[in-house]
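Structures incoming, each one as structure tokens.
There are two complexes below, and they share subunit A, which is joined by subunit B in the first and by subunit C in the second.
Up next, the complex of A and B:
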């Protein structure tokens, strides 16, 4: 049995890469990385989605030996990467509509099957709005048919491209343009929203994972694993949005990490509907630490603070921790 | 080979002969028999490696076709009515992307009230989406138009709708000559896309275009339609030479020589109109007809030439532009602009209302004498209309119109026959 590398031995993730065997190092550390989403695009400073897409698609490219076709839903990723006549994509890339990326990807995959191009792999990608709201019917159809597509959802928890409106992934309490921080119950409603990774699992597809740009190694490993599997695969990637969340661009990674460490965004893998692995929390932090650097939650911390809402959010994190077993006992690996 | 066959099965066989690589479908009456037929043909392995996808909606059906076509595969789907409206966003998208998808429309009314029977409301709603629209008169033509549709679509890189009257054609059994694979292969070359998603040559397709170029892109879509206007007669001519029968084209005149009144119509009702014209001709009425085999692009010049001698034109159509009258009639008037020829609109057959020759003859005779109202609603039961209007006037909470009418009639469905 191979020993699992523990990055926290060094106290930081950034130097971890050098401790790994050459073949397990990040694709971004290699000279032959594909730069699928290359420089020059128009994403905002500190954009989590651009970072997530770059790592995810490059990992997919490495896994498929460069034989990848990408289908993109309408959204930030589409708009900032392809303002006509420019494109930042160095993979064959196709955008049709907001709500049909999974079906279009199914069509591309079907074409490849028809042509006997089994070497070519298809990825679909979109934001949370395009994936879990308007595109959810097509996504569910793709799942239930088990079409050979890896679908990547970059979740920044609202419709950022249209100016930060609430989506089905907007967390309770968060201020958006359509859940303003006014009235008795400021921000998004509690008790709403959906968990697409769990719904994906309910389709019994071969592979589902959640990932975060907080752990790019883990993200790459999950994409790589997904690419080795045939059928429908879903990776849901948490990507902070400085513009929509009201956070500093330099804090994108920190906030992504706090989402994981607080338990609000659990990292796990599932195969055929069963959870197979979870990433334990190294140092549990109270949700306040995650919420405070984001202006979308600023109303919770006015004087006097909205302890009721903060407690309700803490309860969500605690439920996640219990549900997925995110806190390991001493000595447990 | 001549077969006594259901229209939908003839279409399924014709589509299969076109060697599609990806077929995707979501069931809706009256399109179902077409895709059922194709699913069987694919399962039997009769179209090589063709992929048949059962999708979760019409929106997904056309989206799968869009993805497949962009990846260089010959893609086909079929739908009707609400299904066409549900995929509306993708209909425009396929045209904007210039993807040569062929889609059969089993023409059916649009609700509410929900109605599964034939009219042209569905395809007419998409007339300006950038797709070519061909209308079949018979099941032979319905089958034949698919060979021409794929060739036209792929030569111009634009999508084509083949519109086939629901039930009247899709569910009717008649003799259809289904050609051999060799004949079709000789007519329809393999698909060579103008641009394709290929890892060996990565391109980005579907980029955002701002005001600086969008207008020109849209104009070029119009230009492509004008190119189709030239190509459709050429492909129909090549089809006639290869298969020994006429199918398709732009406008097809029937007994228009010396005709003072000319009827213009689309689809299967042209057959009934021809019978009516034969009767009226036999009685000495100078009347003829012009079939609009292609509605988009609209053959303005060809139609004008076909109608130039007419003293009056009657456009009979199975669609209604609420608040205006006729859709096809408005287009026909544009073909006749500058002329003083009266163009009468006859709205008929909505929601499957039968169009008998007796009613046509009466309406045509009135038009021939310039006594017809415009628009004229063929066989509309004015007693029912007046009763419902009176009810609504009397009482604000007068209830649902369709249910009121049916209750008033005391019958359901019998009006059909």
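Up next, the complex of A and C:
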């Protein structure tokens, strides 16, 4: 977690702040940020993933003095950034298959080691489908071998590129193309769930963190910290998808914020399998506030509202808050 | 003929997506705007409060003071005596508490006096303006005219400049070194103040002195009286004369028990003054209730703290030497006080009437074109000009709310119009921007921060001395307080738009130069507008 700045009008909450010392401002506030993912890409209006990728890769670029190679899984990020023959990437960038990005990234890291290029750092990246479902075997292998790769997962909670199909990260109750809002139990099932950050921790790798585009200072601090560590590192970034979630493009940040503030997306970091820090909730909100602006949850709020499902989702948030200690205790600063 | 060497099935060179102008997707475009902060909209002196707080936030107090001085020549005075309608309308009120604008203004004003900061004047225009009255309005008009390069000469009937700031506001609210400091600065700019110089023949003086225009702001000094049946009435004084006597070295003898009749700020000022002069008992008699009292609530509160007593819903019916017969009143359905027929008596040595003041504009009666209301108040048009060309008027003697800040605002408005008149044109104020409502802000981004509290003098000294009751903020607290400003409707370069654009379509122009949209790539998602903390971006539909 970043050091909170006590009081400078907007403190640490805005992207920049003219009242802060330059070194305490974000990479995104600088005019010389690398814009790793530059203009002209074909992501939808208000795309959270495009934002998350630029935030994370720019921070990695800053940390590695611009010496970064990126390996990308198949997915929205790959498709919208590289329609032949154009590319939006301003970093060396590699795409192979949907499920093998971690393995390819391991290979690139091995090649750099063989060439003695200790200055070049490798990042692997993909969406939740390519990472959490299809590429998970390769990712687990990469973790187990502790290959020197930072893997970034941009989690928009479904297969958006192919038309919003359910993934292992689709939250219970959400409508997708494959979990329609029909029948007695509309939307995705209330099942067991899959938390890749916790699974990554189970590999005892040096660094695991969750981040959100809603907290840029926190996200950049985590990527920067990860870049200073050798071995396998995993950062899981929550990126709302206006198209798949049925939200307004202008609400992307707000929805990302509400996911954090409701407790549905806990922000924490872990080293060698142990949680070392959490980002506390600033203004707690009930899950309704997060769910309502998204059409994928609209069926929960028909008349009469599906209080049972909403309560079950609230219970998930409450469990996260208790498990990670997301509410600051009275008197704590 | 040789083919270029390409890998199999590759026919096109790799290019950048910068060739793909995604701006064509847009149906709405973001546009940077400057809206009117509610504080600025509410300020009777027309201060750019958000503008000077912006500099104060950076710790650049001199720049902040310079912006402030464009509109108000006396910040140290106003930081003390203005009733700050700006704070009543501050959007931060809906978040926690309003920004303590007056406290920062006072800090800036005091800094300027301490460091001897000066303002620049335009080159001499060769025009001369006569100002009648050295009160807040006259001083402000002379100051602004001087800054525009005109010569300004003030005539005042009194022995000292300042008008009601000196003869109406007690020292414990406005220390005289502060008032003198700010008036001296105006004089040092070249404004000439002629004291003990009552103007009788205005037009004659203008002709003699070669003046091109005149601004009259003589205030309202005539105390209103009331008929109370009295037999061998004791001592009856006017509040205005009591307060004036405090300044001219002739403090009145009030006796042990003082009754004050009235419910305005002056009634409270004179009651608190009586306490400080040693009266055992200062009792305000007011015919309506506390809620209906025209005095400001904080003044009532401070007076009560100091031991001033108030008898609500009462009128004085009869005076018999030191015995006052008081009738209890009751409010009727319309909230108007009605007599009840219940009488009580109380004992007092002195009665002070604080029933308001009227204007004395008789010296202007003979001037052709000037229009008077029944109570002597002079009519002016929206340019502050009377019916006589070249003769302007402002302050308490024209129809308006009677406060120092309103008077200073009149002085500024009159100066701008006189300047235009001297150049043979008419001043047109630029159209006002839309006022920022709380809903236009994204307050998530502002840090929680409670208001800084100004220190207060201890109670014993408040009851016995004329030392200033309310203290100022120190530098640390003033800086903190300035930074509580939300900068409503005006970009403060937080970089949010630059950071949250998924398409890199915001160009950062560097400190002080804000940002520009790159409409070649802006898809019109509206994230920048939604995440702008201060409401300085609007989405405008594209035309087809």
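The rule we apply is simple: the second predicted complex is superposed on the first by the 315 of 333 C-alpha atoms of A that agree within 3 Å, B and C clash if a C-alpha of one lies under 4 Å from a C-alpha of the other, contacts with A are read in each partner's own complex, and residues count from 1 in each chain.
Assume a contact is a pair of C-beta atoms (placed from the backbone, for glycine too) under 8 Å apart; a residue touches a chain by one contact, two chains touch by 3 or more.
Because the structure is a prediction, the values reported are computed rather than measured.
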First, second, both or neither for A:253, with subunit B first and subunit C second: second
Partner chain(s) touched by A:200 [first = subunit B, second = subunit C, both, neither]: neither
First (subunit B), second (subunit C), both or neither touched by A:85: both
Touched partner set for A:264, first subunit B, second subunit C, both or neither: neither
Touching partner for A:141 - first (subunit B), second (subunit C), both, neither: first
Contacts of A:235 with subunit B and subunit C, given as first, second, both or neither: neither
Partner chain in contact with A:18 - subunit B first, subunit C second, else both or neither: second
Subunit B versus subunit C as contact partner of A:310, first or second or both or neither: neither
Contacts on subunit A seen with subunit B and repeated with subunit C across the two complexes: 84-87
Complex contacts: residues of subunit B adjacent to subunit A: 21-22, 24, 49-51, 53-57, 59-60, 63-73, 75, 89-90, 93, 97, 197-199, 201-210, 213
Residues of subunit A that touch subunit B when the two form their complex: 66-69, 71-72, 78-79, 82-87, 89-97, 99-100, 103-116, 120, 137-138, 140-141, 144-145, 147
For the subunit C and subunit A complex, residues of the former touching the latter: 12-22, 25, 57-58, 444-447, 449, 480, 483-485, 487, 492-496, 498-500, 502-505, 508, 510-511, 518, 520-521, 523-527, 529-531, 533, 539
In the complex with subunit C, residue positions of subunit A that touch it: 6-11, 13-19, 25-26, 28-29, 31, 35, 37-43, 45-48, 50-51, 54, 81, 84-88, 216, 242, 248-254, 257
